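The two complexes that follow have chain A in common; it is paired with chain B in the first and with chain C in the second.
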Partner chain A sequence: MGKRPAGGSGRKASWRRERGHFILLMLTPAIVLLTGLILVPFVVGFGLSFTDYILSLPPARFAGFDNYMTLLSTPEFWGSLRVTLIFTVCSVVLQTAIGLGLAILLHEETRGVPILRAIYLLPMAVTPIAAVFTFRMMFNPSLGVFNHILMGMGLPPQDWLGTGNMALLSLILVDTWQHAPFILLIIAGGLASLPGDPFEAAKIDGATPWQTFRLVTLPLLKPFLAIALLFRSIDAFKTFDIIYVLTSGGPGTSTTTLNMYAYKQAIEFVSLGYGSSVAIVMLIIITIVTQLFLRRSRLLTVAES
Partner chain B sequence: MTDRNKERFVLSRRAFTRSAFMAGTALAMPAIIGRSAFAQGGAGLEAYTSANVDWKRHAGTKIMVGGATHPWSNAVTPFIPQFTELTGIEVETDFRSETEFLTALPIKLASGSPTPDVFMYLAYGQGITAGWLEPLNAYYENKDLVDPAWYDEADILKSAREYPLWQNGERYAFAITAEAQTLYVNRGYLKEKGLDTPKTFDELLAAARALKSNDVAGIAMRAKAAGNATFPLTGFIYSYGGELVRDGRVAYDSPEAIAAVEMFTTLLREAGPIGVSNYDWYEALNDFMQGASAITSDTSNFATDISNPQKSKVAADAGFALFPTTGSRPAIPNMSCWQAAVNSKSNNKEAAFLFLLWATSKATSLQTSARGLATTRVSAWESEGFRSAFGQEAAQAALANLHNADAELAKRARFHPQSPQILNELAVGVSLALSGSETAEKAMKDAAAKANAQLRK
Partner chain C sequence: MKKKARKLTPGIVVRRIILWGFAVWCLFPIYWLVNMSLKEAVDAASRPPTFVFVPTLVNYAEVIQDPRVAGFLTNSLIIALAATFFGLLIGAPAAYVLARHRFRGDGKIAFWILATRFTPPIAMLIPFFVIFYNLGLLGTHTGLVIAHVGINLAMIVWILRGFFQDLPRDLEEAAFIDGAGRFESFRKVILPLALPGIAAVGILTFLSSWNEFLFSMVLGGNNVMTVPVGIYAYIGFEQIEWGKLSAAATLMLAPVLVFIILFQRQLVRGLTLGAVK
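So, the complex of A and B:
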């Protein structure tokens, strides 16, 4: 009898140890992957950003904060930051408006809705690079289908990617085409999970559809909107494929975003030190903006009323 | 990707059986493919064994050849079994899209990877200062490796012979293709307007203006704001007497270079298609082949596609001409060679050298040129096989333009250790001048100042 409690705690202890081992075992792949793919490259990149390493002109020399000072004093950096912000804000706003609108329209279950929902989600299923190359062909001013349609309607052909503002607008449109379904998906999920009572109460109180949307649906959807906005903003901030394929940052530098700028420096010019400093600055900006967004907006809390 | 996976092959019993089967097949392949390749190209192994070269000295080794999916890799690959039969050296190839290959290669080489043993290469100066390329003079002088009489360097085009020659007299690569800027005109359109093929830039401008209509652009050339899109513009700058780089510093802000940029941007602004400021070679080539532009100027390699009636609507109308002049100076079209180098960290350097020696030899060039590849060999350029694959007139024009080109000028720009920055700023400057937001003079002065500020002293 005296031994029994001891045996029980022994079993408990070994069970705990086993459980510990099991958790460790289960976490190991994730930790190894995170360390190998995120932590190590980050530390290496951070270290490189304090050197003047150019792959083709070795060796790397320690340069202190030189890269960061150069960066903050170049008009190219500020220009790219401006382009990045315009691109991010415009495309995310446009996508949210379209995604939200479509989600609300598709929420009413009618016969055509499942098919429509599948069609609207298609852009997400297409390999991005293949879609962007197709857009490149469609934007082609002399042989592309967009101008063909415009001219068919008696309108003048457009230089879609040839002038600064137009190129930026075209990039925003492609990004919207590709990512509005993402917002649609999250919001549709949110709508499906909303409680029915507030809507019934609104109906009984005689609220118009617009009032119901503004005062009931939208506040309840806030957490979902917040997640969608956050994901999309971070993603749009570092968009690469669309810009690389369609404009390479041109004409001039009118569509050179920070990510394009970092790519040109680090990969095209093999200037790893300077390129890394651009990437680190991007990381800092994203972290700060995300934190501000999460703390200040209180979007992650559900409205009381 | 399958080639990559092979590296991580773990040998189990099943895998062993499978690889034994594959090895058996591979051993049999040279006999099968090799024979058919010889039949097509007209060269047997005797063309190589007659050389005083110890081909078998590295039999049993295996080398990896890295490169871009390109006419060169397409033309050489079918003949690789012949090399294996000749030398006993096995060859694994890893060819990817040009952009992917060129982006990944510097990172791989900088990490000290011993593979690929042989690789296609463009940014020669970068590779030399970084120490990635094996110096080859000692190999050329090794009598067991090279039989000078058989290899016959005098048969290599002068510009291609001079291309890999570095300032210190050392060679770090073999030139494997030769390209020169050529003028392409649509004879049908010219005839409708009663025009001749333009010989000077002023005639070119007049013709392009006259040919421009709502449906057809007078001229289309690549002018995108990316370093590699500066190829056509560079020929204009050289022919006006300008340079991209002088004494290691950027020099495209000289009055001559500015005049060239002025002509280039006027041509495209007044007679180009809409959206030309975003044109890469792909758009320039397609527009011409579809008859959407009447004139273009770019690498001589365009000829293969333009003359192919299956790809090109204008195959019958296309004319291939000399690059224009200012009227007072000789034309200096831009030129370029793809090169192939031996990895300085490779474990099989001699085997790699033998591969390049074989690939650039007279006999191999004769075989690959019959598939339309613009090799570096005069004998291959003159061969009947090449002329019929590439087109008689196209070959003549390309050869004449190659003859007019100045390898030294081209090398100074492209082999600068920071050549990507130099070309990028040029492209951005031209893009601004083309859009009309800045004058050619201001755009070029700003671009040169920006580029020079980035160069490491």
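So, the complex of A and C:
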């Protein structure tokens, strides 16, 4: 009954005909779910950002660009943008320096590498809340182990989370503990996959280690560095757990990042409309940064290979 | 280079000191957490903090008998297992199709999948909160499972796709010659061979759900508290409860540590989103 179109043999044709059907059936549940769980919430969030919706105070009214106008004229928004940028840039720079340096050392190391890699994996895999809770104990001014160690070394104790600048520094420290290994592991993986020839050539040409690093290693590592930097920057930009548990954005607003600001507005003050507009602004910033990044480095193709 | 027995030059010594020093730095908070969990209240609140003390399991005994903690653990377990199961069930077929077939719009799907990795959680959380509020899903296990599948599905598809791509293409060819249809060849040939990859992604999903804090806290409320949320809720009484809280946190870390030891390679691949194989 038309089961056998002209040309190919029966089975081959049916295998080919099955293709569209197969793709559709295999893909549909995921697409439905991704639509329902990502696209729909996104549209809802986008819509909310144009309303004055406050939970349990319905009905919400369409407010046009009011939220965005308020946002742009609020010093708290600009303050939190500043805090976010400081936190993100400092964290990522510090983690890249540590991660890159250690990855190169690890690449040359011959003994105990699997154990070291397993240990380095811990901070990024361990439950963040448990780790951050531990840091909170260690940061405690009178009972914490950090001040104990500082005083043991003859250094003055610190009020780790008590003052604005120090609190931000402490958050960067914890973020670096958690995520420097991320950059380290990506770069180490990159180093392991590099071809040997350019290094041989550099050796024959009598390059110093520093020259080899700058002129051979670094350019070859570029795609891996690009991935590591992009992922890390965006994740640092979105940091929540560390800040929420250690400072909740305080003291004052000294560690209130955009993410904390959006959380406080939307969840604590249930101003879901206004909070959404902050979240959308964050999304716009991330999209712009990602686009710039993707344009400059062919990131997706690297991630696929 | 590795074969040659090298003398310990100062360079190598410095390198090892740095590498192991960093390892100590990575381990120290975990060591300190376990250390605190083994202290009696007096030791936990001693000034200065003690490194040497008589260890005790009192905190663990108390924590295990605490019905609230048992509740947190059960909630975490149910939600993480269900999210992993549904995530894989729905993600694996999609990942396979994206790995093997070129069709109109496949690049877009891959892009959207990556895009979800970049979206700030708060942008998803607020609409989830509003939708769940209206559907009566706040404070339910179902709600949290749905949210955790939503958070992880993109990652599941993305990494599994990499695993499927690693399988040789002749497999389907051979299945076809043996008379299998496409579904059959996926089910009977591909899936069993991809099992290690699927297991790795499953573990990653489990850990991600197990460790998740923000969505669980906001969408679960006081009704369905997972372990991280439970621990956070009790940090308020930290001075008194440090030992107990540390014991609870250590218990929560136990499965994570087991997974890290057993599946190091796969975890590295997963946590770096396939950038490191």
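We take it that the second predicted complex is superposed on the first by the 278 of 305 C-alpha atoms of A that agree within 3 Å, B and C clash if a C-alpha of one lies under 4 Å from a C-alpha of the other, contacts with A are read in each partner's own complex, and residues count from 1 in each chain.
Methods note: a residue touches a chain if its C-beta (ideal position, glycine included) is under 8 Å from a C-beta of that chain, and two chains touch if they have at least 3 such contacts.
As the structure is a prediction and not an experimental result, all values here were calculated from the model.
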Contacts of A:F50 with chain B and chain C, given as first, second, both or neither: neither
First, second, both or neither for A:L161, with chain B first and chain C second: first
Chain B versus chain C as contact partner of A:L116, first or second or both or neither: second
Residues of chain A touched, compared between chain B and chain C (which is higher): C
Contacts of A:F87 with chain B and chain C, given as first, second, both or neither: neither
First (chain B), second (chain C), both or neither touched by A:L283: second
Partner chain(s) touched by A:E18 [first = chain B, second = chain C, both, neither]: second
First (chain B), second (chain C), both or neither touched by A:K264: first
Overlap of chain C and chain B interfaces on chain A (superposed complexes): 55, 142-143, 267
Chain C-touching residues of chain A, taken from the complex the two chains share: 11, 14-15, 18-19, 22-23, 25-27, 29-31, 33-34, 37-38, 40-42, 44-45, 48, 53, 55, 98, 102, 105-106, 108-111, 114, 116-131, 133-138, 142-145, 148, 151, 177, 181-182, 185-186, 188-190, 193, 224, 227-228, 231, 234, 237-238, 240-241, 244-245, 259, 262-263, 266-267, 272, 275-276, 278-280, 282-283, 286-287, 290, 300, 302-303
Complex contact set, residues of chain C against chain A: 1-2, 6, 15-16, 18-20, 22-23, 25-27, 29-30, 32-33, 36, 45-49, 90-91, 93-94, 96-98, 101, 103, 109-114, 116, 118-131, 133, 146-147, 149-150, 153-154, 157, 176, 179, 181-183, 186, 207, 210-211, 213-214, 218, 227-228, 231-232, 235, 238, 242, 245-246, 249-250, 252-253, 256-257, 259-261, 264, 267-268, 271-277
Residues of chain B defined as touching chain A within the complex: 103, 106-107, 110, 123, 125-127, 129-131, 217, 224-227, 273-278, 283, 286-287, 290, 292-293, 417-418, 420-421, 424, 427-428, 431-432, 434-435, 437, 454, 456
Touching residues on chain A, where the partner in the complex is chain B: 52, 54-58, 139-143, 157-164, 167, 246-253, 264, 267-271
